[in-house]
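Would you mind keeping the following structure in view while I ask a few things?
Per-chain numbering from 1; labels A, B, C, D and E assigned in written order.
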């Protein structure tokens, strides 16, 4: 029998307290209320009392995993309340060697979707990596339409495509919110901040934004876990996933089934090769 | 115990009386349920694929299609090596989607071609069936030296039969050893007996039989055991002729492996079918049983 | 502020005829930071070089661009020239205005424009050049030879004779390999043992050679000139320092198992010296069959040993040593034909033997003292069939390649049988007879003259009837089936690389092909080198070959090793990757893409705000890095960069082109 | 003035060539006095795998009309495996650029060995013609390059 | 003898047959292992190896005229032992069909037997061994072949007089009719 929302919330608090009680965990990363009933915010519970402020409802939409990068050299463990997407984010950062598994205590929670449009496409409602699991695992769905949007867009003419993106990048304010939210954007120092090398201009004009957008798509494209945080945090509403999904679609087409954030040892596509790869450059 | 969709093949209803009798007896003893495919037709045998590839696939496929419809959960088993080969070929052909659709069009039935096609050696070498046979043994055939003859179509071509060892298969050897008989090591287990040409090119194909007898004899076999009505008839019926033709005195009765099993399970001469052989077989079996009679054990 | 000098070469009229060199110079003077630009007839000539040197002094230049022929032509020349000046040799860029401009264009205006662009790009790039110094790495003047067959022995002797220390690692208890098993060698028919055992003794006694038998390479670290190799020494259970090799123990040992050296024909005890001429000629105990070690019974050898050299408690030992160069000479094995060819009896007939087994049969020191007899009943065979290409040239069942030596040794076997057994018949089933070697065709001729029957066709089946092995083949020249009733059949089985070659190759970082043969650096021009610097190869680990080719290749590999070890130190290219460890995230993707295993993740002290922390960052081994730059393009942060082709430089070049 | 109709307009094409194969092949083309259009500029890199996809973006941004990346044939890489990475990177890059409205002819990759001088000539000639037909790159370039195109 | 195909057509035909049989003709290097193990080789006028060689040469006339293509027992010994797994039985089978289409038949009895076999299947849906043997003996002129065994068969009740027939025999006839449309049969 499925647990109710309230049951899960209580269990989360219980597990959070247990985790803190071990003394090995410095804080539990989860969600708490704001003054708006339909907005929850990320929350770091550091004491037992604070654990009772942790909540679980359909407005808990922020990703929790990336906060673990706030302290890259923690003296104690972080406990993370992780839904399927968060667990994939954690796997991403583990594989990118930005987190150490022994520094994490993962409280997995089976999630049936939040008030977040990306959840409709979710292929992993069950956490993939966890130390303790709350809720009964549910059957996973396969999102048949994963690349439908990309496929439709591919059919446009080059000019139409360009016009579309030009309009989008004209809107972009170069705020890097997408980067800051993205679990795959986990470099210590982003290429875009390295002005001396001159990879990237600071200005927020169409060209610079395009360069940034494409570079980012290429940097995370083969590691994207499709959590949709980039689009969610974008203040200008850019369809950022549409770029990374394109990369993922091509990878699927060219190199076989591909999904990131899985608990396996597979290298990202651009970090490897096979002799049997297709060749178009003969 | 186990159920199969059963494709007897034309020979089972005519010349392969001994196979039919002994198979029914053994199946009954170990509780093997054989559901005959309703209104089956000839698989086409060698003649069809000599003449027309499409026809060869389609004739065989009709039987598979009926089995798919009538017994959706059962694997198909057939006693005849040629039928086995033709059915397996049809299944193999269906892997090509275009061919599969073409066959469907011709036979006017849905045809998936996913069913497992088995011969009776496959069935009897399954562990639980072996166990059941073992439990039902009441006679000891120790001392009987047998050359197991598999023929070509049970093992070749490998892409169709998926056989592990095509030069020296061991399935039948293991099965007949359940009776206490010894399977001799010999070299002509899978050499062709020329059955398909014995009628239309007898002069050229008789020597193929002779070399099988010769090698079996050279390796000390007293009897040859087959698992196919065609091979069986070909060897058994023509042994006398071979002896005359090549001035030899082979005295090697030819059995179906099910006959040996049936004898081991206690079947009489009539039930097991050994009285219906062309080359007399009764004396050999009788001798072995007499020699073992009274020995400790069974 | 950089002060750049630009020197434009006329190359006689090679450049000047198509490119307006003066216009290029004029344009160059306008580029930022260009302090001086001029042209000259032949920049690479003595006076040209002198002019550049003078200009560096006169105009106080700190970097230069030379617009001339391809950098592949004279980059090194000009670098050498700069060594005598105040400018670092790497503060130089070449603009290719000959091969890729003047020679391929005819329109003078457009060619000039392109030349100007090339100079502009070079100027932009040179502005970001940094002085680089070639570092030198010391070279350990010792060589490791993996494999103690004739290839390894020959290579080791050659290297040792040049005065360098050599270690031979051999997995068997004695060196010698396959050659010492052979009876005679074609085409000269000299005794194989007689020519190979002296070499073994030489290797054993050479002051510069250390033999490590019963040993295998466990781990290889480091790079050319500086390998650190861990060698695993399997337990011998006999103290070779005490043992004198009297051999008493092996005569008393009650255990008998098939002898590896005699290819299963004949037996050996559990404590054994593999063969009479073994080097070292001291026994080891086989722990898989020794009664004492398997069942804690017996112990006779310990009792009879006059020197108490037996030690049942012996254990596997590991030693680590430094070497400057490694020679791979792991040799071959015969394919397991019995698994591949059930139609030849699949191994159930004792009288169907391999060529190597025949070598032991016919060898005077072999189990039959050189009498050719059937292993099954000891009778002398009268009719012998030799089947060639068993496992070779057979995609379906074996290997697609030709094993090269079989044609000749089969002829040799035929000759030996006909010679030793009067009235015998030898039938050789063949597809093609391949005799490309000095004296080989003549040998084949002689074998036919001896009476060997060559039948062109592959045998389809070998079976037994009575005492005879029936071989069925087709005489393809007659177009008829033929049957030979043989007493014995010799199969010329295919060679394949040593079973553990993939493992060895993995440890050394060298590549193997789809048949597992070791890949040479270039099949024609670098036949004894591998992709990894300092690792060389010789013998049959590279592909099937006969003894003369093997020995020649061993000498070649030895020469390469000597050329390397002759230097005290070697220069490494400074144009390699380096990591800005303050920015590195330690994701390790560069580690994955590096073909030379030159990058590793290391722990370094760092700061996080005010805290002292330990960071994990990438680190480049300058000895291993070859400067391909794949890592630099993989790094998202851009913190790993390729010196001489930095991100900044290439971006500047791109920008310069478009301005 | 519309640049596209200007018959004198010459595209700017950038070619990244690996030192061991394609750059050698290009030198050989020179040695053999082969002829090809003048509008290609070569940047020498040690290996095609040195080419960061961001270099290509930069080239378009700065007004290049076409970019070519050339390296050794797969299996022949001087550094053993570099071009296998190149192959993956740029197959994806090409598709991503197309997806953003850039004609795939503007960014091409090709394997050209040190002996394939003719292939170098043919490739460069073909790419040059293709890009000339496409006209100047206006989609990605910084604004001042899109107006007029002349420097 | 009259040439039925000229060289070029033969080449094309050989290539087509090879393609359909998934055989790369060039792979055969004429080692003869196929023919060495072929049980029918003694009766064949051309060795299986020679059939492949003729196909390499594109001389399909010789191939189609040969007895070998009719005598192949499809035992597949050759394929399994071939170093290149060349599917000779399929090459033979397809050549045989081509020969039939052109009315060439070097071994009349084999074709006769196959034809009668298929006619009994057309008549009854199953093969009838007694009718088959009888009809074959009559049409081929080998009246007494295997007749010695008949009394024994009857005596031991090995064959019975009743006929086996498929109820939906029309279905089988339709299948045959449909397959024979393109004239593949003849």
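Keep this in mind: a residue touches a chain if its C-beta (ideal position, glycine included) is under 8 Å from a C-beta of that chain, and two chains touch if they have at least 3 such contacts.
Remember, it's a predicted structure, so these values are computed and weren't measured experimentally.
Common neighbours of chain C and chain E under the contact rule above are B. For the interfaces B-E and C-D, the C-beta contact count is higher for B-E.
One finds 65 Å separating the Cα centroids of chain A and chain E. Per-chain CA centroids place chain B at a distance of 54 Å from chain C. Here the CA centre of chain A is 47 Å from the CA centre of chain C. Here the CA centre of chain D is 60 Å from the CA centre of chain E. Residues of chain D found to touch two or more other chains are 53, 58, 81, 85, 89. Within chain A, contacts with two or more other chains are made by residues 191, 199, 270. Shown for chain E are the residues in touch with two or more other chains, namely 42, 77.
Across the whole structure, chains are in contact as follows: A-C, A-D, B-C, B-E, C-D, C-E. Only residues 27, 29-38, 41-42, 46-47, 49-50, 77, 81-85 of chain E touch chain C when the two sit together in their complex. Listing the residues of chain D that touch chain C in their complex gives 10, 12, 14, 19, 23-24, 26-31, 33-36, 38-39, 41-47, 49-53, 55, 58-59, 62-64, 78-82, 85, 89, 121, 145, 151.
Of all residues in chain B, only 165-168, 185, 187-188, 214-215, 218-219 touch chain C in the complex they form.
Residues 72-73, 96-98, 186-191, 194, 196-199, 219, 267-268, 270-272 of chain A are the ones that touch chain C when the two sit in their complex.
The touching residues of chain A, when paired with chain D in their complex, are 150, 153-154, 158-166, 191, 199, 207, 210-211, 214-215, 217-218, 221-222, 243, 246-247, 250-251, 254-255, 269-270, 273-275, 277-282.
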